[in-house]
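Structure record follows, encoded as structure tokens.
Going in written order, the chains are labelled A, B, C, D, E and F, and every chain counts its residues from 1.
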Amino acid sequence: MPKQKKANPRLARGRRRLREIHGAGGEAVVAAIAEISPDLARYIVEFAFGDVYSRQGLSLRERQIATVAALVAVGHAQPQLRSHIHGALNVGCRRREILEIIVQMAVYAGFPAASNAAVTARGVFAERDGQGLKN
Amino acid sequence: MPKQKKANPRLARGRRRLREIHGAGGEAVVAAIAEISPDLARYIVEFAFGDVYSRQGLSLRERQIATVAALVAVGHAQPQLRSHIHGALNVGCRRREILEIIVQMAVYAGFPAASNAAVTARGVFAERDGQGLKN
Amino acid sequence: MPKQKKANPRLARGRRRLREIHGAGGEAVVAAIAEISPDLARYIVEFAFGDVYSRQGLSLRERQIATVAALVAVGHAQPQLRSHIHGALNVGCRRREILEIIVQMAVYAGFPAASNAAVTARGVFAERDGQGLKN
Amino acid sequence: MPKQKKANPRLARGRRRLREIHGAGGEAVVAAIAEISPDLARYIVEFAFGDVYSRQGLSLRERQIATVAALVAVGHAQPQLRSHIHGALNVGCRRREILEIIVQMAVYAGFPAASNAAVTARGVFAERDGQGLKN
Amino acid sequence: MPKQKKANPRLARGRRRLREIHGAGGEAVVAAIAEISPDLARYIVEFAFGDVYSRQGLSLRERQIATVAALVAVGHAQPQLRSHIHGALNVGCRRREILEIIVQMAVYAGFPAASNAAVTARGVFAERDGQGLKN
Amino acid sequence: MPKQKKANPRLARGRRRLREIHGAGGEAVVAAIAEISPDLARYIVEFAFGDVYSRQGLSLRERQIATVAALVAVGHAQPQLRSHIHGALNVGCRRREILEIIVQMAVYAGFPAASNAAVTARGVFAERDGQGLKN
């Protein structure tokens, strides 16, 4: 992750939020992007996590429900969907709730989007089983 | 809305759910679709509301958060977004929570999608003000 | 529509095909685009109608089924959907067949896309009623 | 595939339609989804195949033309496109007709969508060659 | 536009950039969004204009070419396309260059996206004619 | 690539343009498509390269900026994005300029689209490093 000469409260807050939601896996994803574009990685941490995900007004659980639903619906963001299913489970969603969101999206984005998301969710669940995570 | 000769529990359940979430406004939307395609209207009630929205596992409030987020993100479904912002407010979301979802979607679908959704939300809030609704 | 100094068989063939499918309404649409960008209008006639729609291997009716389905599914092309519903009806599709395609797209692109298309179809049917067209 | 205690005519009809269009391959796809989300799999069979694909008003061949066109155009549904190219060939479309649809979609969704679909089609044709299928 | 108690260099820089590219029209668009969601408006100014559009490495003209192309291609962002065609013309693109981008997008996103963008461009050009602008 | 009995100036011009922008890699991509659909490959060369990319009014560098931006934004065209990042670098864009476009698209299409494009760009850069290319 990019270093900053001066104190950057948005970046610091974003790092905490990123870790809180996505854990070490999320930090690895951002670090991989930082190798290509340090600024893109920094904006993800500063803006997405430091600004938006640090806002009041919705719980982290509700924010993850919103993001998972959106990523299922847009359809071409499977790596991010994978990451945010992990994030949703990390902040208290249950696996069956993830599947509820996916089923619901069949109504709004069609069955192909829902089916592809179900395959992605299965992969996430298998990863977490392999890590000994109950949820 | 279409008539059924035999008892159709999915349709009956869907009608109750539709009314619970969207009120008379939702029934009017479905009736308008039924004038063009009675079967499309019936599937909306039976499948979307009678099957999916009648499921356990997520609260109605959480389901509306998911749907509003998805409709903001896909971008070309402003009439449905309008309808589901009403629905979300009807089942307990607050106006500021709708705006939180919209702001969050700037991260996942870009600022044009979020800005257009904000305009749609303003229209819904104005309608509700005109109806004397506090939320 | 743009003029050509030399004989341009693709343009001539495309004009015939455009007229065959879309009639005077289609020519008006292309003429309106030609006022902004003569070359875009020419490519539509040459490539879309003179090359692609002049191919063998599918009937015009089947080609219109494909195009209407695609335009319903992508969701942000209502003016073109309107135009191609007219075109489909002009080459032998029935109104109820248009509605069948729209209903089917609910499965693949979700109910918002299908509902918006149904509204567009209603407008086309009303226009054709106003013109005294039976189909 | 999910079991049902009571007779479920939509599910039974959907299973027949699924088998008719997609054969054993389609059943395997649905079974794979059922391992993750039995309800999503059930809705696919009941609603997509038991309701929509069991409707009158378009031939199966025409329905597959519509679905293949839509999946080419939306672009992010290659697994479903693959499955429906198989389905289209199973119900009487010819390989060259699939390619006609794909070429036509270059007009409505651009060359990247058409090119990616052509690659998917090549894979399907190779699979069918490997199975000794003439079409 | 939102007020800030403390000095906010990103916001100040973003305001300058917004004014430079979009003029009074851009400020009006942001002000309209600020009436609904002050934070969304602030993020547009801080992040989109203060961070991203204030970066080195591409000229403003090239950045506007990129944005106009993207908005033509995604298709459901006509208000933003309208705004960025104005912006592109403000920073030195010529009207015929806007039309070149639109024609080129027919290749990558299909003719419906290009045609709808041409209609939007015509509206922008008429507005500018009405304001006595040569370009 | 398809052969033509008669002189076909659009095809000849398109082949030159394709080679100029994409080099041997681009010809291989078109040849692969020609194995599946010779006509789709021919239209790519004739229309995309012989008509559109052979137009005056924008430099090749600006055209590639437009195309890369659009392909980042639409999100489901990674093979074409890969190809056009190569093309952009071949006609004079610098690697850091590609990354600027990608970062900018986070504003208009969201961070998932930008992040996936960054991964694609990394792959292109590694390929070019392996070929000993400085840019």
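In this text, a contact is a pair of C-beta atoms (placed from the backbone, for glycine too) under 8 Å apart; a residue touches a chain by one contact, two chains touch by 3 or more.
The structure presented is a predicted model; accordingly, all values stated were derived computationally and were not measured.
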Chains touching both chain E and chain F: A, B, C, D
C-D or B-C - the one linked by more C-beta pairs in contact: C-D
Computed distance of Cα centres, chain C from chain A, in Å: 41
Euclidean distance of C-alpha centroids - chain A vs chain D, Å: 31
Residue list for chain A, restricted to those that touch at least two other chains: 39, 43, 47-48, 52, 55, 71, 73-77, 80, 99, 103, 105-109, 111-113
Topology of the chain contact graph, where touching chains are joined (line, ring, star, complete, other): complete
Complex contact set, residues of chain E against chain A: 39, 43, 47, 51-52, 55
In the complex, chain B residues that touch chain E: 75-76, 99, 102-103, 106, 111-116, 118-119, 121-122, 125
Chain A residues within the chain C interface of the complex: 73, 105-113
Contacting residues of chain C [partner chain D, same complex]: 47-48, 52-53, 55, 57-58, 62-63, 65-74, 77, 80, 96-97, 99-101, 103-109
Partner chain E, residues of chain C touching it in the complex: 32-33, 35-37, 39-40, 43-44, 48, 71, 74-77, 79-80
